[in-house]
Each structure stands twice: as C-alpha cells, then as structure tokens.
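First the structure, which I've put down as structure tokens, then a few questions once you've had a look.
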Amino acid sequence: MSTIEARLAERGLELPAAFRPPPGLALPFDWVRVSGTTAYISGHGPLAGNEVLVTGKVGTAVTVEEGYRAARLTALSMLGSLKREVGDLDRVSRWVKALGLVNCGPGFNLTPAVINGFSDLIIDLWGDAGRHARSAIGASELPFDMSVEVEAIVELRP
Amino acid sequence: MSTIEARLAERGLELPAAFRPPPGLALPFDWVRVSGTTAYISGHGPLAGNEVLVTGKVGTAVTVEEGYRAARLTALSMLGSLKREVGDLDRVSRWVKALGLVNCGPGFNLTPAVINGFSDLIIDLWGDAGRHARSAIGASELPFDMSVEVEAIVELRP
Amino acid sequence: MSTIEARLAERGLELPAAFRPPPGLALPFDWVRVSGTTAYISGHGPLAGNEVLVTGKVGTAVTVEEGYRAARLTALSMLGSLKREVGDLDRVSRWVKALGLVNCGPGFNLTPAVINGFSDLIIDLWGDAGRHARSAIGASELPFDMSVEVEAIVELRP
C-alpha cells in the first residue's frame, strides 16, 4: 500500500467519488493537468459524488470551524482527483502552491484560519514535502455556493 | 497558414486589436511572459482596441448567456496577445491552466457556466491539447467593470 | 553589496521584518516555495513585523493613492521574504507572474491603478527583468482587512 494511502487509512479518512455536476452543466476541463513533472490541480471544493458538502458564506451562515472542515474536505476531494489521475498518491513528491478561496460573508476576513483546514491535512500526510506557498483570499461567490475552493500545484516523481 | 488560424477563419472569428487602456492609466506589465517553454498569460477580458465589449455583473445586469459570450470574447482577446507575442498560434502546443473570474451580482454562483465560453472555444480550436485545469470563481470587482477575466498558462513548442 | 539591495538603498527603502500573525493564528505555509529554478511566492500584503500597514477597502476607506502605496509596501514585504529565503535578491534573475488582489469597496474597479504600485517598484528595481504577466482583480475580503495582496512567481539563478 502506498505511504500516503496508509496514512489516510490510519486517520480513518476516505477519498470521495469524483464530482458529478448538476444536470445540464458541462465542466469542459481537467481536474488535474500534468505539464512535465508539474501537476496543476483545478479548483476543488468540499465535493463528493453529486454532493456539495458545505455551502454558504463563512462568517454568516457558516462558522470558522465549519469553514476549516470544508477546507479539509476540499483537500480530500482534491486527493481523490489526484489519485484518479496519477494512480498512486506517492507519485506526488512535493507540494508547491495553493490558492485558497473563501466564500466570505460581509466583514469576515480571517480567511487563513479557514484555509488552514486544507494546509494542515496536506502537511499531516506529506510532512515537510507537503509544505507550500499559499494565498487565502475572499471570493464574492464560489460555484454552487461552496464555502471553500482551493486550486494547487504539485511536483510528481518522473 | 497556421492550423489554429485556419480554424479561426473557418469559424468566421477574427482576433481583436491589442487593448489600449483609458488615457492616464499605465499598464506596466506584459500581456504574455515566457519562462522556458511555458507562457504565462495576463488576465484578459472581452477587450478589443480601446473597447470593453461586455461590462456589468453577471446575474443582474448581464445574463449567463451574455457572460458565456464575454468569456468567448476573452479567449479571442487572449489569442490576439498570444499571436503578437509568439508569432504563430501553432507554437502553442498545449494548454495547461486557466483561472476564470466572473464579475458576479449578489447570489449568482453558476460561474462555471460562464467560463465555459472560454474553455469551449479553446478546446474547439486545439482539441485535446486545449484541455486545461481550471478554476471559475466570483470576483467582487474586475477592471473597467468587465464581466469576465481569464488568465492562463500554456506550453510552447521549443 | 548586491545590485538590487544597492538600488533599494539608493531609494531609501528598507525591507520590513517578517510578518508575525496575531496570537492564536497559525500560518502553516511557506512564504516562498522553490520548485526547480522557479520560486512561488505566497500572497503578501503591506505587512511589517506584527503590523498591517494599510487596511480597509479601496474606493471607500482608502484612496487610490493610498492603495498604490499599499501595493508598493506589499512589494517590499515580498522582497523581505525573498531575501530571507534565497539569501541575496540578485539571485532573482527574472520576474514571471503576479496576481494582484484589491480589497474593493462597492463599485471601485480601477484595480490596475492600485496594483501598479507593486509593478512599478519591481520594474524600477529589476528593469526589464522585472516585467511580468499580471492580473489585478477585486477580492471581496482579504486577510486582516489588508487593502492589497499580491502573490508572484519568479525565476532564480541556478
């Protein structure tokens, strides 16, 4: 078993099914696009199959703690896409960059505390190789009213 | 004639002139910046010469269909910049990543349906090589009140 | 003395201390993450030690001129992080890409005029090597209510 997947299992975490958008909406893009030994990962949210697990604006409908959890679920959704694309999460040798977006209610700006839910899980799984440059900003709207969205760049073993 | 430009001509599409910002506003950056065999493309909108072709917030002033069209015009504006920079669009061997921003009215979150106007045209022109990782998010404001903005990363033939 | 640091000194500019977040907030990410000869720089704002130097929304609480100054301070904060990471700013051979975010009040969309404070300083210091692809967009909220945030990509000498 791969190291990363063993760590997921130790933590009782499962990777969700691929996201299926609502009927009538095409998503004409790749969840992961590889260029050389770099993989660019599309914006993911707390998605699992046809479900959006956490919706609403953080600071009003959604607490910081729920936002943190949404960011952690976003990481799991992203790992699901990565596994489907590269076959084994151990092929991800190093994380490089993440852009985190928080669906913010008026006046809520503690966006780093929310996106930490993503970063903490990635670093828990990969150790120092999971560290990354990051921005955590407020978006006025996110698809399907998701509370969090994250896109990322990783290095793959050749 | 280059393959991509032949496809544009078959579809009756022309690339617009370079954007000229309003008097008094400098734009001290490059529309396309090449690093190795990767080209980073600045945020473009539905721009043509000194005109901003589609303005206003999607969901209120602008319909989803008009937003889709704005995203398609954004792709054309970007292709104009690429052609001016690299000389021949066939030098773009592969699309990698796009970040799409929608100027959203309150409560409008079907941002993927808008940015599809960009992705559909790129994939129509390049086929599978036009596929890309993508995020489609709501921005609270975009320059000149443009309805859509997209930035992208592509691979160039050496 | 390095060329870039000599230029900073000629202009009377000093690099600020590393940002220290408010008590209780962890920032589990790297301010600069190097991948090959490319450095990815996390989102920075007008930060210096434990201070956020310019806060509030541009167009309402903050003027365009103050926003421009915030973007210039953001560049200095970023250069401080780069120097701490790579040791000598002359190791940055070329700028590639910047994503600028402006904390916009309702209806303010002259975001390029604000982010110019970042680009003008970088190009003043590096010359043509400082040019970069760029986007300048409105974010509904930024961490700690910063008026400006910029993330960037640069090339390093091997």
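Letters A, B and C mark the chains as written, and numbering starts fresh at 1 in each.
Convention: a contact is a pair of C-beta atoms (placed from the backbone, for glycine too) under 8 Å apart; a residue touches a chain by one contact, two chains touch by 3 or more.
Only a predicted model underlies this, so the values are computations on that prediction, with no experimental measurement involved.
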Classification of the chain A:chain B interface as same or different, half of numbers criterion: different
Degree value of the rotation bringing chain A onto chain C, based on Cα positions, nearest 5: 120
For chain A versus chain B, what separation do you get between their C-alpha means, in angstrom? 25
Could you say which residues in chain A touch two or more other chains, in rising order? 99, 139-140
Flag every residue of chain C that touches chain B in the complex, lowest number first. 38, 94, 96-99, 102, 104, 107-113, 116, 119-120, 123, 131-140, 153, 155
Chain C to chain A touching residues, read off their complex: 21, 25-33, 35, 40-43, 99, 101, 139-145, 149, 151
